[in-house]
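I've put the structures underneath this note.
Look for subunit A in each of the two complexes below; its partner is subunit B in the first and subunit C in the second.
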Partner chain A sequence: MNDPVLRVEDLTVRFGTKRGVAEVVNGISYELYPGETLAIVGESGSGKSVGVLALLGLLKQPPASVSGSIRYRDRELLSMSPKEWRGVRGRGMAMIFQDPMTSLNPVKTVGFQLTEPMEQHLGLSGKNARTRAIELLELVGIPAPESRLKSYPHQLSGGMRQRVMIAMGLSCDPDVLIADEATTALDVTTQAQIIELVGQLQERIGMAVIWITHDLGVVAGIADRVHVMYGGRFMEQAPVDGIYASPWHPYTRGLLGSIPMPGSDRPERLVTIPGIPPDPVAMPAGCPFAPRCPRADDSDCLRTVPTMTAMGDGHAAACHHPHEVDA
Partner chain B sequence: MSDVLLQGEDLQVHFPLKGSGAIGRSGGTVKAVDGVSFRIGRGETLGLVGESGCGKTTTGLAILRLIEPTAGRVIFDGTDVTALGAGDLRALRKRVAMIFQDPYASLDPRMSIGRIIGEPLEIHGLYRGSGRRDARVAELLEMVGLNPDYRNRYPHEFSGGQRQRVGIARALATEPDFIVCDEPIAALDVSIQAGVMNLLEDLQRNLGLTYLFIAHDLSAVQHFSDRVAVMYLGRIVELADRVSLYEKPRHPYTEALLSAVPVPDPVAERTRRRIILEGDVPSPINPPPGCTFHPRCRRAFERCPLETPRLQPVGDHHVACHLYDGEGALPLT
Partner chain C sequence: MNVKPVSRARETLDALLANRLAVAGLMVLAVLVFVGIFGVRIAPYEINEINIAERLQPPSGTHWFGTDDLGRDVFSRVVVAARVSLQVGFIAVGFALFLGVPIGLVAGYYRGWIDAVLMRTMDVLFSFPAILLAIAILAVLGPGIGNAMIAIGLVYTPIFARITRGSVLVAAEEVYVRAARSLGARDGRIIFRHILPNVMAPIIVQTTLSLAFAILSEAALSFLGLGVQPPNPAWVRMLSDGRNFVSQAPWMGIFPGVAILVTVMAFNFVGDGLRDALDPKQKSVIESRGRSV
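Now for the complex of A and B:
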């Protein structure tokens, strides 16, 4: 296999708050290889978005404090100056945010917002940047791209705005594209359009994609590998088929059981996970899922954090009492 | 369906647009709901799905007359709701209720949850006397799985899922027969959604409730409903039994919508065929002529832009599509 384009080790993010230190990301490690799609799945507050904001150096320090290691190609990002880091953003790694209405600037035209990063990162002249902006809008399937350059975000539909965001993300040919709940705010038919588009572009230019989502349906269709995140830690990681066919972690099982399967013959009762996610200011001493876990016991689960243990086939889980695997 | 509890007949909600002219000339109309008819049997759940802006929420509000329908009738248990005066309407509202999408915006932050749940009782003069009313509030909290001791707490002290349970308890307070559930789980996390859906199912079974379940999430609607109506630009395009709709969608829009729903099964996802619709939903201010879906429909033909299709029986479905009526109609498979 190729060298990973991104190697994250023991990434930890804490925030100083009035109530104490919030432990939002607690030592996550992963590798991302060229051309692959890695999905990070989790519910609100699991730390999945903060984890990727840290990759791009977008967390203000303080209140955040980021430690561990983030290696992009052969360079350590966490020891970079803000100026060096700016050189990585856009060309090396780019991000598509969840809500295109709040992440696009409402008082600047689409054209301005598209050409600015290309002038900054690629050093293109205004005219060349404009030509490329038109190409990009065409690529993401926006009709009449030339006239759209003069539009403001409010003049576009939600799907169109998300396409503009994607065009911005792609503008500098990044090695890594991070999509943070990029389709969550969209209708299913528009979501299908965007997913198809990202897949086509990935095939064409070979970029790696980190797809952050809570939607296990979306993940099944797009991911090569999946990491399930809870309470700032990875609970389970596996190739996409393994996660769905033989989930080992009780949390993964719970999540999968709680979603209705379309078209099932008879409505079955959904699995529920009692309780609520942990408060990052008062994380449990042991496994973060232990207070809600049907398999937790007092001796290990509440006291020691389980380590990620490999169980073959790239499948690993952090659990003291994983489910039996059907061999 | 012998025992119909609620019936909508050609329901319309049109909103006039303010004109730009100096004397407020008419600037056209938004046809949010444009001729919707359906029946809901006692104890049944009818699902109403569609994308943002298709008019599903407006339909729910119009049924309860929280928005006045501009035309058409709503008949609830033999009474024409649309013809009721203010006093009779208030009496009727004891028997119908609504659960809202956003559990943060739909609870007054300055009222304790006990007062929130007790307010409908106060308005309708039920369970008079503070002792009886408190007992009823406690009973309602227990029914939705919340500790009755929490009654003096305020909404901000609860999680999203718990707040939605408060909203459900409030809806149940007057012992309604019929509840409009408008996206009751959309704002909740996945692991919390299942709990709220199970609760709504249990309540239906125990109390004999009838639901209109409005959602954009097709998987949830199918899990929850007996029959499902699919809306597009203010009209119902297909209505069928939940299993049959999924297995044999007739309308090309239903087909595309279903194919776009991601399935949590990687093996199935790799093999299935997805129909990608071109473009966006057109504006309801100036909808396309004829069948409003025709510009995006891969099976549109000459007749589609000319004539508006009516919702009519096709096999065991109801479908509004020219493919299935008149000459050259498709044979049913």
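Now for the complex of A and C:
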């Protein structure tokens, strides 16, 4: 494979709070190759959103402090000036957000919001920007794109708005599109449409996608690789088939057990993971999942943080007592 | 499928026009602006023309609002003075807007020490009673209508700074601001093209209401001899001159007084109407409160 478009090493994000330092993202590393889809899966508060906001430099520092290394096309983002980094946002990496109801400016037309990044990054204005905006709206499947340019966000449905957001994200041909829970606020049918749309666009444009979600079900159809995140750390990473076929980490098993799967031979009752995610201000000394883990013992799990150990086939898990490779 | 896009401005205008008091206020304001512009031509008499023979005449066909103690035509003077009052209102409030709104935007967007410095300065200005502060500023700058506008503008600056900052604090946390930033927008662009349009509603309302207060403030300052200087006509000067003739010639004071009242009320009606039109939520709150009491 060619060079990764994005290489994240030991990315750590801490927040200074009144109660102490919150370790929200704790030394995560990954690589993203052109055209690939990486899914980062985790429950609320696992640090997955903060992790990608850090990629774009969207965390206010202070209170946040970001360390480690983020290399985009061999340029280190963390040592860039604010101005240089701004040039990457939208142009190199773009992001779409969870709630399309609030991620568009209510008092600006679709056309204004769509052409704004083009003006900024590509120097397009007036008619050229308009033409490109119409192309983009067509690309994301919005009917009557010309008349839509004059629409205000409140005149569009949720699915339409998310399509507009995607069009905005794509306006300057980014290499990386980050979708932060981009389908969570949509109904299931629209969700499927948006997922399919992003897949199609990815094929056509060749960009890489980071898909942030709490929903392992969404991931199955779209991702090439899956990283499972918990307590600010990656618990397990694997090609998408590996995660479903043979989850090694007890947390991944727990997540999978909580999804209803029609036609499977598992018992009817869905499994829940007891307990709540760890407090980022008072992280457990050992494995962050240990307090909730059915396989945790007193020796290693509570004392030392397990390291990510490769187990073949690009599959790796950070666990002292992984499930056997039994499928 | 093809719904005609309706802009927010259009919706607001429709809502405003549905409000009878606001429409009445708008009509009065339209007349006032017309009179303000063409006042000298409308006035049937030269405003400073002294005619002792016809002094203290009651209202009649020749002198609609009567004449004052020097025989000057009250109607002409009321009409010509409209310009001064409106000018003072608009310029003073404009001054407050152009100073206060950027201060609020910067303070609310950047927070931190810059916010603390700016807003504490505003607090200091705000802690003085308005009229006292204006008098103090005029004591430094010297009396006169131009300085009165600056003084009134400075007195109203903290109100705009506070209102703007409060709204910016909310707007800056919106996802669309983050989305704009994620697409590489600059701070200046975010502040002026994304945040400012979203915080305009309370600023517009405050502007209209402040116009009324600015006119009253100017009246108070002129009454104290710090604003409009004689012999230029100003409503409140005419009112204060009329004080000495209340029993003999009440029209000397009544007509300029009514002019002030009507102007201030018109601005208030329009301001209230705008507030309701721009913020339907607030309106319903007021209504439900009214019912429960």
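In this section, the second predicted complex is superposed on the first by the 321 of 327 C-alpha atoms of A that agree within 3 Å, B and C clash if a C-alpha of one lies under 4 Å from a C-alpha of the other, contacts with A are read in each partner's own complex, and residues count from 1 in each chain.
Convention: a residue touches a chain if its C-beta (ideal position, glycine included) is under 8 Å from a C-beta of that chain, and two chains touch if they have at least 3 such contacts.
Please read all numbers here as calculations on a predicted model, not as lab measurements.
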| item | value |
| --- | --- |
| Contacts of A:E196 with subunit B and subunit C, given as first, second, both or neither | first |
| Which of subunit B and subunit C A:K150 touches, first, second, both or neither | second |
| Touched partner set for A:T102, first subunit B, second subunit C, both or neither | second |
| Which superposed partner A:Q120 touches (first subunit B, second subunit C, both, neither) | second |
| First (subunit B), second (subunit C), both or neither touched by A:R91 | second |
| Which of subunit B and subunit C A:L56 touches, first, second, both or neither | second |
| Common ground on subunit A, meaning residues reached by subunit C in one complex and by subunit B in the other | none |
| Subunit A-touching residues of subunit B, taken from the complex the two chains share | 51-52, 159, 161, 189-195, 197-198, 201, 216, 218-220, 222-224, 243, 246-247, 256-269, 274, 276-277, 280-281 |
| Subunit A partner contacts - residues on subunit C that touch it in the complex | 1-3, 5-8, 174-176, 178-186, 189, 193-194, 197-198, 200 |
| Footprint of subunit C on subunit A - complex, ascending | 56, 58, 86-91, 94-95, 97-99, 102-109, 113, 116-117, 120-121, 143-144, 147, 150-152, 155, 165, 168-169, 171-172 |
| Footprint of subunit B on subunit A - complex, ascending | 43-44, 157-160, 187-193, 196, 214-221, 223, 240-241, 244, 254-265, 267, 269-274, 276-277 |
